[in-house]
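Scrolling down, you'll hit the structures one after another.
In the two complexes that follow, chain A is the common piece, with chain B as its partner first and chain C second.
The block that comes next holds the complex of A and B.
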């Protein structure tokens, strides 16, 4: 069996984001990292491979810098890497889904894992969109996945408790925060990763005709600045503070 | 605020991709597993055993050694590992230095094939901890006059004497001990269960509190004949180990300095006095820019030395300069950082006083600051000044 994990490189959650000309200024991002939910997808993909055998391929669609993320994935045990090199900054979700679906077909993967949403766009459409294009079962927001007979069992939290969903392949799981610790690479893995070659292709190589973008992003804007804190002194201000905590902050 | 490793000249861009991946791996370990526990470890005076396990799992012990289950990394990678570990704590870096450079290295370089196969894989994996016995209560900078003796008893050696200031001593399975056999310094592998061997822990340290420091005591300690290191005689043995450990320290000190700089910068930007952040005052800016200047120079020095180490084009004096300079500036940076933190600097809420106290030891061990000056003095003039005997 071939398992694919879809990874996206995003600004690190600690990186400062600058907006210029109505767009996030990518050149100002000091550190790029794998989107955190994708890291859980990767961890469970590794566990599936360890439990059931097979090949694990990491796929990304993004600019040249994204290849570092694939090498990092190889260092923790991914067998092969496919990089669809593309400037995704002006692509819409459906275009990226087409590319990823074609990349998955190219690798022959029938079990696909990805994050529930990317930490930069928070769109949450990639997983379901790719599953739809592939005709695969889609189980969203899972926190764990394992092998169950010929199929797979995923667990997710719902309002009344935990739900377990069993599906057969082809199937796609989108990951919420997982229930396990993420693994760290080791020196052996890092040295192995150096020897693994990243297959680098374009959307055209995969036979994807992107067409026109159906969704256009008007502009990005930084979140409004937080209003300054309020300061109260002396015992006489207690009623005011209590009132504010009750009515404005809703904490008491 | 997440830690920002000061790298003003982007020296890390000179590292290979692999070396940067190793850096990120160790940095992640320090962020997530060391820093949350370090102050407790210091208060309790223990080296958390889970750090040993993780160091072994990461595969960084004995970093530059090749074969026998060792990582086989470059000296640059070994330096980076030391730097990242010491950003956490000098005691943690000391553990790794002693394991790799002082215990594994002599077995790797001077051991028999059987010794290498027996000890190195288990030491690289962290299963067996090693220590290094050279210094004695009365012989520190002058190890050549050591008292510890080995006697050939026919079917075994008998070891008598005592070592002091031995990192990892009480938790080690394997001790590489230097002793005189017929007046010649030789290396012996002592195991924790050997008859006549004990390793009482030294208590009451104000420095390297998260590191185990011990005495090694040998009272008619019986050592099998196959535990002598066959490949070296004389002080060259221990000194070649120390060269590697000192090299690692020259990188490690930068990590401690970076941690102090980062803390001082953040503190000075948030501490308001006379209505303004203290970072806006010239005296504080002068201190911060001096730190930046010294850290940048230390980084370039350590990186260049790593390239010389990897090329095999180095002399011990190169390492003396780097160890001496980088620890010296790191200690001074820690002191100035403590000063910038004001009274808060003495609290364990901030890392600066811990690094400062640690670096006082680092300045002294592995060749004191002054001894390294004398090594350089001898290099410059051709005249040794260690003793009054000027012949």
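The block that comes next holds the complex of A and C.
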């Protein structure tokens, strides 16, 4: 059984985002991290491997700096790493998905875990799109997954609450915040990870013909400035605020 | 141009966001077809003005959510132009699957689109805004409450199609929602509590206010992580829900960047915090520097007297 976890390196959630020349200025990002939901995918991928055996491969598609994230994943127990080196910032969903689907096939994985959306694009297209390309069952908004019989049991969120669903491989899970703590690497893990070799390929090496992006980014801009708010001292101002909510804002 | 809308359902009814999708489609111009998975809301959809045709998709696969099976049945009914859905979690999943089966790109969670198909969306959790253009067919999802709803008064024909697909995600057990309360992602008014509430039992004060104005109750991650009584389903922010209500009231929440990521696009924000320097005041339209112990009883009474 080969398990793949898809990871994306994004600006840390605390990082300031600056825009210059109509694009987010990647060079000004102070700290890069693994996208938060991907960390839950990684944690459950490790748990599946521990429970059922098999190989766990971490896959990313991104620029050279992303390899650090793969080494971090190796430090908590990932067996092998595949880095498709590419600048994804102007790619559309079809291009990214075809690279990742090819990368997964390259590794022979039939169980795939990823985050429900990345913290930079905030889209949530990659997991389900890749599942579709691979003909794998897709379970979204997962908070927990385990092995059941020959298949898997996952808890997922749907609009009416949560439910537990069963699937068999090939299958893909996209993770919401999980019901568990994330593990941290220990010194031994970090030392071992440094010795592991990352397989580094291009989209072309995987036989992917990217073609043109079907979506052209026109520009990035800082969010619109909000006019400064009004601030009141003390609970005695509550009636004033309620009156304003009714008369100025018209929301109650 | 053909515009195919994927109706969003809410239990056995049409979700109100569906009218917003039709409203947005009408500003683009084109022939609007609404697909109703499982036939849910077919009659309501046919009464939305601007809808030319409703395709009611009946089949066993629609009894539970399986984006693979659903998209397999739905994709052949999607026209060449624009396919449009809601950016709810299931809406996004379905949109991505349909786009992949059509071989076209998907652009999620738009907050604006104009008739030149210039699309606006927020990226980096609200820290930047992206505008982009699709060069051909594409699938898009729209953020709830960001578009004007179309009115009623239509009378579109309803075509029923029976087709199913093999379901590969089998539901074993449903886990009921923790409470009867409105979900934050559905609410037009939200009152959220943070670590400053001191104790989960004190959320009863937020519930009281919420009951008066029909609000949902949300929470910060610190509240969710500290107290088992506060479920993750209530969490607003980067690793919780992104909300877009008319009014968001933050109580005892400092306003960490990851919390703001989930609520800064709210139309109006009220903050109640005892610390005058709390960052939440930076995004609040109306800030009240006070403890919740002092402010909430007064808020409850004032709202009850409206």
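Simple rule for what comes next: the second predicted complex is superposed on the first by the 232 of 252 C-alpha atoms of A that agree within 3 Å, B and C clash if a C-alpha of one lies under 4 Å from a C-alpha of the other, contacts with A are read in each partner's own complex, and residues count from 1 in each chain.
Simple rule for what comes next: a contact is a pair of C-beta atoms (placed from the backbone, for glycine too) under 8 Å apart; a residue touches a chain by one contact, two chains touch by 3 or more.
Here the structure is a predicted model, which means the values were calculated and not measured.
*Asks:* Using the overlay on chain A, decide if chain B and chain C clash or can fit next to each other.
*Replies:* Chain B/chain C on chain A - fit side by side.
*Asks:* Does chain B (first) or chain C (second) touch A:221, or do both, or does neither?
*Replies:* The second partner, chain C, only.
*Asks:* Using the superposed model, give me the angle at chain A's CA centre between the CA centres of chain B and chain C, as a multiple of 10 °.
*Replies:* 120
*Asks:* Could you look at A:188 and tell me whether it touches chain B, chain C, both or neither (first, second, both, neither)?
*Replies:* Once the two structures are laid over each other on A, A:188 reaches chain B alone.
*Asks:* As a test of reading the superposition: which chain, chain B or chain C, is in touch with more residues of chain A?
*Replies:* Per-residue touch count on chain A favours C.
*Asks:* Answer with first, second, both or neither: which of chain B and chain C does A:119 touch in the superposed model?
*Replies:* After superposing on A, A:119 lies in contact with chain C but is clear of chain B.
*Asks:* Of the partners chain B and chain C, which touch A:197 in the superposed model: first, second, both, neither?
*Replies:* neither
*Asks:* Taking the superposition on A as described, I'd like to know which of chain B and chain C A:14 touches: first, second, both or neither.
*Replies:* both
*Asks:* Name the contact category of A:75: first (chain B only), second (chain C only), both, or neither.
*Replies:* After superposition on chain A, A:75 lies in contact with chain B alone.
*Asks:* Minimum Cα separation, chain B versus chain C, post-superposition (Å)?
*Replies:* Least C-alpha distance after superposition: 7 Å.
*Asks:* Using the superposition on A, tell me which residues of chain A are in contact with chain B and, in the other complex, with chain C.
*Replies:* On chain A, the overlap between the chain B and chain C contacts is residues 14.
*Asks:* Show me the residue ranges of chain A that touch chain C in the complex, using the header's touch definition.
*Replies:* Per the stated touch rule, the residues are 11, 13-14, 16-17, 19, 24, 36-37, 92-94, 97, 116-117, 119-129, 131-133, 136-141, 143, 153, 155, 157-168, 171, 174, 177, 212-224, 226, 229-239, 241-242, 244-246, 249, 251-252.
*Asks:* Spell out the part of chain A that touches chain B in their complex, as residue ranges.
*Replies:* Those residues of chain A that touch chain B are 14, 68, 71-72, 75, 184-188, 190-191, 193-194.
*Asks:* Which chain C residues qualify as touching chain A in the complex?
*Replies:* Those in contact with chain A are residues 10-11, 64-68, 71, 88-90, 92-97, 99-101, 103-109, 118, 121-136, 138, 168-177, 183, 189, 213, 232-233, 235, 238-240, 242, 246-247, 257-258, 261, 264, 267-270, 276, 281, 283-291, 294-295, 298-299, 302-303, 306.
*Asks:* Which part of chain B faces chain A closely enough to touch in the complex?
*Replies:* Chain B reaches chain A through residues 2, 17-18, 21-22, 25, 28-29, 57-60, 63, 71-73.
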